[in-house]
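In what follows, chain A forms one complex with chain B and a second complex with chain C.
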Partner chain A sequence: MTGIDPKSSLPESPEEASETGTLAARISLKQRGGGIVVPALTAVVAFLMGGLVVLATGHNPLLAYHDIFDGAGLNWVFHPTTNLASTAAYNLSQTLLQTTTLILCGLAVAFAFRCGMFNIGGQGQYFVGIIVANWLGVSFASMSPLPHILLCVVAATVAGALWAGIAGFLKATVGAHEVISTIMLNWIAIWVAEWLFGDGGPLQNSSNPSVPVSNDIADSAKLPVFWGQQELQGLHVGLFVALGALVVFYLLLNRTTLGYEVRAVGFNPDAAAYGGINVRKNLIRAMAISGAFAGLAGALDMLGYLYHEGQNDIPVSSVGFLGIAVALLGRNTAVGTGLAALLFGALLFGTTHGLNSTVIQPELAGNLTYIIQGLIVLFVGADVLILYLWNSRRKLRRSRPPLPAREPA
Partner chain B sequence: MSSWAERLENPVSARLRDPKLTGIAGIVLGVFAAFLAIPPIQARAILWPILVGIIAALFGIWTVTRGRRRLGYGAVATGILGIGLGILATRSSVSNLNAVFDPSLIAQMFVFSTPLTFAAIGGMFSERSGVVNIALEGMMLLGAFWGVYAADKGGSWVVGILAGAGVGALIALVYAFFAINLRTDQIVGGTAVNFLALGITGYFFVQLYHGNYIPQGVSEIPNLRIPGIADLHFLGPAIGDLNIMIWAGFLLVVLSYFVVFKTPVGLRIRACGEHPRAADTVGIDVYKVRYACVVLSGILAGLGGVYLSDGEGSGSGTFVSNMTDGRGFIALAALIFGNWRPAGAFGAALLFGFSSALALRLQVYSASAATLFNVLPYVLTLIAVAGVIGRTVPPAADGKPYKKQ
Partner chain C sequence: MAAENVLEMRGIRKEFPGVIANDDVNLEVRRGEVHALLGENGAGKSTLMNILYGLYKPDAGQILLDGKPSAFGSAREAIQAGIGMVHQHFMLIPVMTVAENIVLGVEPRDHLLLDERGAERRVRDLSERFNLAVDPTALVRDITVGQQQRVEILKALYRGADVLILDEPTAVLTPQEAGELFEIVGSLKESGKSIIFISHKLNEVLEIADRITVLRRGRTIETVPREGATEESLARAMVGREVLLRVEKGPANPGDVLLAVENLHVRDDRDLEKVRGVSFEVRAGEIVGIAGVDGNGQTELIDAITGLRVPEDGTITVAGKEVDRTGAREMLDLGVGHIPEDRQRRGLVLEFSIAENIALHDYADAPNAKWGWLYPRRMVERAGRLIKDFDVRGGGPLTRAGGLSGGNQQKVVVAREIARNPKVLIAAQPTRGLDVGAIEYLHRRIVEERDKGRAVLLISLELDEILSLSDRILVLFEGEVVGEHTGAVSEQEIGLEMLGASDRTAA
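Now for the complex of A and B:
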């Protein structure tokens, strides 16, 4: 795109790589240093280490992973059917349900990353989306379906954008680090949600005041289900919205002035400012767009299959945090985020509700997901290590004289 | 009252003329106004909080006109808030007030603040040396689980404390390797540690205890009953019978203040956090200092975790999945709110601990309001980082990996 051979700008050593300032610049280096190979390797190593934990605690890791694979419904590809009476098909539909959410939560992290910011507040923005979608979905019950759905989705998306925009605004105006402010905003959103849906809260259900759960949204606000039945948590059309969001993410970043400015600020804010780009405006804008993705995730979950939110569900939810792993593993690209979301969606459902195993209990396997997630994030973050290995391989190849007889095996 | 004001108007020493003093006095008075109707004072007349609150606000205005704007406005705000809360308190029923504000509230404040203190002081060492530590949550959680596990299997709370500190050090060592040697982005690395801790503790809790509960009769960290004080009227229930970890926490704050600000070691730590290149030039091994500080932060956060599970944090000798539930992040907030200083972090931990203890008791008024009360630490920290009242400033090289030349 820049007209320069990407290989020529590849750093010669990890030292050189780490000198190039911002997070986004380092990430872009990583991207050039290995394409899909590195994230795939990262995931494999994380799964291997997770398997070691399983082995060490006296379970067979191969059988365990096999059961998780089936639990996620990925064995559906061997016997494809649209009939949800088949366990594989049902599990796959549930995995895709999780994938929908994770794509959007991943994009929420990825977009800010491309502007050089770490949006750790996806969870809070997601809950803001949940709250607004539930509130509007329960109210206005007399609306006709399409306007009602649009109202809920747009309002929740805007609310998520505003919530994240606070962090962007604070960074742009007073220089408050976005990590600190998004962590605080997360917990504020979580406690406000617990208050709203909890005992005596404004959004608690009107029928049974002893149960800390919200009202169900009106039927007119429920998203159409295209695979399965609404009552049985079928797959809703939000999946296509999420896939569309991937395309929007790609086009916005790579084909618009806005995206160009966002990426320029991400690579080097000083250079961007010198080039006449309003850095502050872009910081706020990138954060708001990030939050919009997470808010949209909340709206789709609420309108698509949750329909209500309980106080006790709030601390258990971790999709916003999983979004971090999704974005990092997906290298903050559209395609990568989509694939990583599928992987984590499969893990999330395959290790918990979908798992039917004699080898490993769902309670154990569910925690295995966190372990694998942690390992992936840990290794993905270690770009210098990866770059170092990658470059030493390149150097090895380059320094070797091109003698066919000494070609390595 | 007037004589005190006169003394401020006509100071005996130059030091008293400093508007900073008036501002602080205003804030103290504002807080005092809110507590007038509450035991042990229990002034029931509505006049008292209004009067004291107005005086606090006046002090604030005086401070503003003398150039200390933020402090002054802070005092004005505290005064007005004090009047509001004070009036609310005088109108509340005495029995409710007694239920909320008995002396054991102070003891409970310490119970809630101590894990935060340990983790926040740990975070301070790490961040003062230039390594951001958002992994406090994970380090605490690991300390909490393995601490109570060791106390259960080892049969002694001492083993539990050692194990909690040890596992904290171990995970900190891993984090330090990634953050310092591999120069991983520290936020990414910290996030990874938090996920790992959640997974590891959850996994082994299910594996070792079937995810139910730790059996009864685990050796718990004991309380320290002070013979003279324990039987006193107000002080007895407040501080007469506190856990030894609470006292250790007090000691830690004092000790870490001296280490960080009064010793050559502390100077080295701060040099690595402010300007590692300069520190390197004068012969300080930046990596070694940062390693030591990160490991220390792991040990302290681990200890905070052990107190949580095996002290009296959320029930003695127990563990539940994701037990810390954001306390590591509150500790981080306390550290930031306290401006990366031991006394500041301790003060913030006390404030947050007090608000948690109060939230628990406010349920006699309304369960709903008590839940909402929990946002207070986070809102205050957000305001602090936004710079509305006194900006907080992190160490200059905090979060920036350093590369040796």
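Now for the complex of A and C:
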């Protein structure tokens, strides 16, 4: 007996982690709580309830989902072909077009989340990207393609970053809550776009002053289409940019000192400050990076297939908001965001396209996506409930109390 | 007093996946006694009480209440049977009044409405009967932690509790509030209530309990009367070996001044001046202890010295270099190590791995990173070495810090701070919430750092800790240093100064 032998001290039970912090930090924390199970379950429950809505309108939900599945081109995997004469192939290319945008809008929300902030401003940041890409894409028509595209993409991305950076700056300096300021910035961006593209606006088209639509961007600014034809809204190379963004997101967060700081601030700003990290700088920077993703989304849409923006299209768009559901369902991870973007891309295209009224109520068709989106956001917010359901299921099976399995220290 | 058992728990066993939390545990509580349940963190105290309170179902064993076999399927059933529990973390609604909180769920009604007057009256009656002073009309968010605890006790009494479980009740209290709590416990005992007092603090158990049951590794070790028990004997029963309750240290060998604070003024978040003109020096190779009741400026003083709060006035000099514009980063670079008073809020990112936490100050420096690119493998390697050196148990470098026990979390913090080879080490409440074994370890480590020639500033609310570790003691009261002691000094003397009494009465 030496008298001093810490090795003989006892196994101790872990202290409960205090779950204090901002709403976003708490959500982000919970997001890590149950692995893949919770998001999968969340989606399943949302689809089930969406099915109930279909049922309530007197249609068979299984048939409806089957048709949405086919309409999204997901049946392509059963008979893959690159020939766009195949309906499945065409549908898939359109689904992937939506997925491209949603990946980036999802990352715009996810990155801020990882720094403990809730970026609701994806929509506004996306429009800032649209505006800048359209303006630069229409101007400089004499440039050669590569520099022209790069100019548009970089400028739109930076513009999105600056726009979101305003919210980060306000939070860091005067403590304005980012949820409020990003919502306000959304409206500013949307109304500025309405004015720019509307009657007599500076970016309205030059050929027909009675139509509130912008000019088409120059051919030199259009992104190459690799599946389908440019005139028929084919799939552009922006998809690979979005996939690359997923990789960048992952590496930035997990393999750089910048990402270390972002995560430390997101989990525990007090500990981050104690560690010598400049919390304010990180809030601004993380918001800006978030906005960059959304700005990039706007640029790719403009250069990839929209080519112009109509005033009437502005209030209809909601990709920025869908990004919230994508990030939440994807648990703010790169892989999760990619998968969730594919799911929502498929829903978005599958429910708005070619569904026949014997299968689904026509008024319901496009709105089903938004119902499911809403349910998913709701359930992710209430994932305690989902975990509870999951645990009681396990309890039934093993007749054991739903206690977290704690390893002995 | 008749030795009648109001409660017996016999042969209780409870197993969780991978852990046997309770194994043949026996507990007998007599009517009108204060029965302490003593054990280290993880010894099975909370599991046993949760079984009694109906939150867990035992795998084996029997509960006898007033001699009758009872089993509670839920807390509601336990409450109905006369068992009340005051948890360590209060379950009160801050925006409601004291009375509303107490009657919540069993409200007296005036037809369909809450009979507010009736509720207040009953609460007042109850608080007079048991000597628990608290204003029934006050909002819970406006009252002190000690008063909130009284509300919790009243809540249990209101529901007819006969056996009252207090789960580590002094952990959240100041020494004064703890004293008041002990008086309350005394008067509850007078009126025939039985109290189960869960603790791992030896001195308070010896002060308040009639009998003491010691648990270790999920088993009952012994039940002893207070008479004849000593801190040493209880510690031995708790830990299972001899424990050094006294810190062994040689005389200090002070060298150069490494930390000098002069005329420091610091304001808190509410803009109140919490540090008012403090000056002191800490030399290499000595431990300077700062004693004081919580809230007398300790937090603000530490924050200023570590660069987490900008002082209003005054100078801080580290190793001869005067720091004019402080920031946490600058202080770290000057060689100030800091074991923060709240390891979970400030010392660790609980969701980070141990390796990431160990790199919290130098994640951006070689070898952890180069050109902004992280090398996680190097972090892991270093963490692996420190885990071994500091005997962190319960996981490897990739384990989430939040999954460790309190003692091991603190070891991670200490490992990180000491491994940086700081010139000045600031240890704020380094052993708060830890059990005997971990405290022993940390005290030894702090003395070792002193002997290596570091300047150690120790801030603690535990007077024992200050007295046993410090070479020099400063007493902080209302933001001013009101006493300084080297050599032998009595606890009473410092205690009086901590309350601000010395200056005024001595004059």
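Points to keep in mind about this one:
FYI, the second predicted complex is superposed on the first by the 346 of 409 C-alpha atoms of A that agree within 3 Å, B and C clash if a C-alpha of one lies under 4 Å from a C-alpha of the other, contacts with A are read in each partner's own complex, and residues count from 1 in each chain.
Everything that follows uses one rule, which is that a contact is a pair of C-beta atoms (placed from the backbone, for glycine too) under 8 Å apart; a residue touches a chain by one contact, two chains touch by 3 or more.
Since the structure is predicted, the reported quantities are computational estimates derived from the model, not experimental observations.
When the two complexes are overlaid on their common chain A, residue A:Trp191 makes contact with chain B while staying clear of chain C. By the touch criterion defined above, A:Arg263 lies against chain C but remains apart from chain B after alignment on the C-alpha atoms of chain A.
By the touch criterion stated above, A:Thr337 is placed in contact with neither chain B nor chain C. Contacts of A:Gln94 after superposition on the shared chain: neither chain B nor chain C is touched.
Once the two complexes are laid over each other on the shared chain, residue contacts for A:Arg255 go to chain C alone; chain B is not touched. Once chain A of one complex is fitted onto chain A of the other, the partner contacts of A:Leu328 are limited to chain B, with no touch recorded for chain C. Residue contacts after overlaying the shared chain place A:Gly275 against chain C, while chain B stays out of touching range. Of the two partner chains, neither chain B nor chain C is touched by A:Gln233.
Residues 15, 18 of chain A lie at the contact with chain B in one complex and at the contact with chain C in the other. For chain B in complex with chain A, the residues that touch the partner chain are 132, 134, 178, 182-185, 187-189, 191-200, 202-204, 206-207, 211, 322, 325-326, 329-330, 332-333, 336, 366-368, 371-372, 374-375, 378-379, 381-382, 385-387, 391, 394, 401, 403. For chain C in complex with chain A, the touching residues are 16-19, 40-43, 46, 56-57, 216-217, 239-242, 244, 306, 308, 327-329, 332, 338, 340, 344-352, 356, 359-361, 363-364, 369, 372-374, 376, 391, 393-395, 402-409, 433, 435, 437-438, 440-441, 444. Contacts from chain A toward chain C in the complex involve residues 1, 3-15, 17-18, 20, 29, 32, 254-261, 263-264, 267-268, 270-276, 278, 400-401, 403, 405-409.
Partner chain B is touched in their complex by these residues of chain A: 15, 18-19, 23, 26, 53, 57, 118, 120, 170, 174, 176-177, 179-181, 183-185, 187-188, 190-192, 194-195, 198-201, 315, 321, 324-325, 328, 361, 363-364, 366-378, 380-385.
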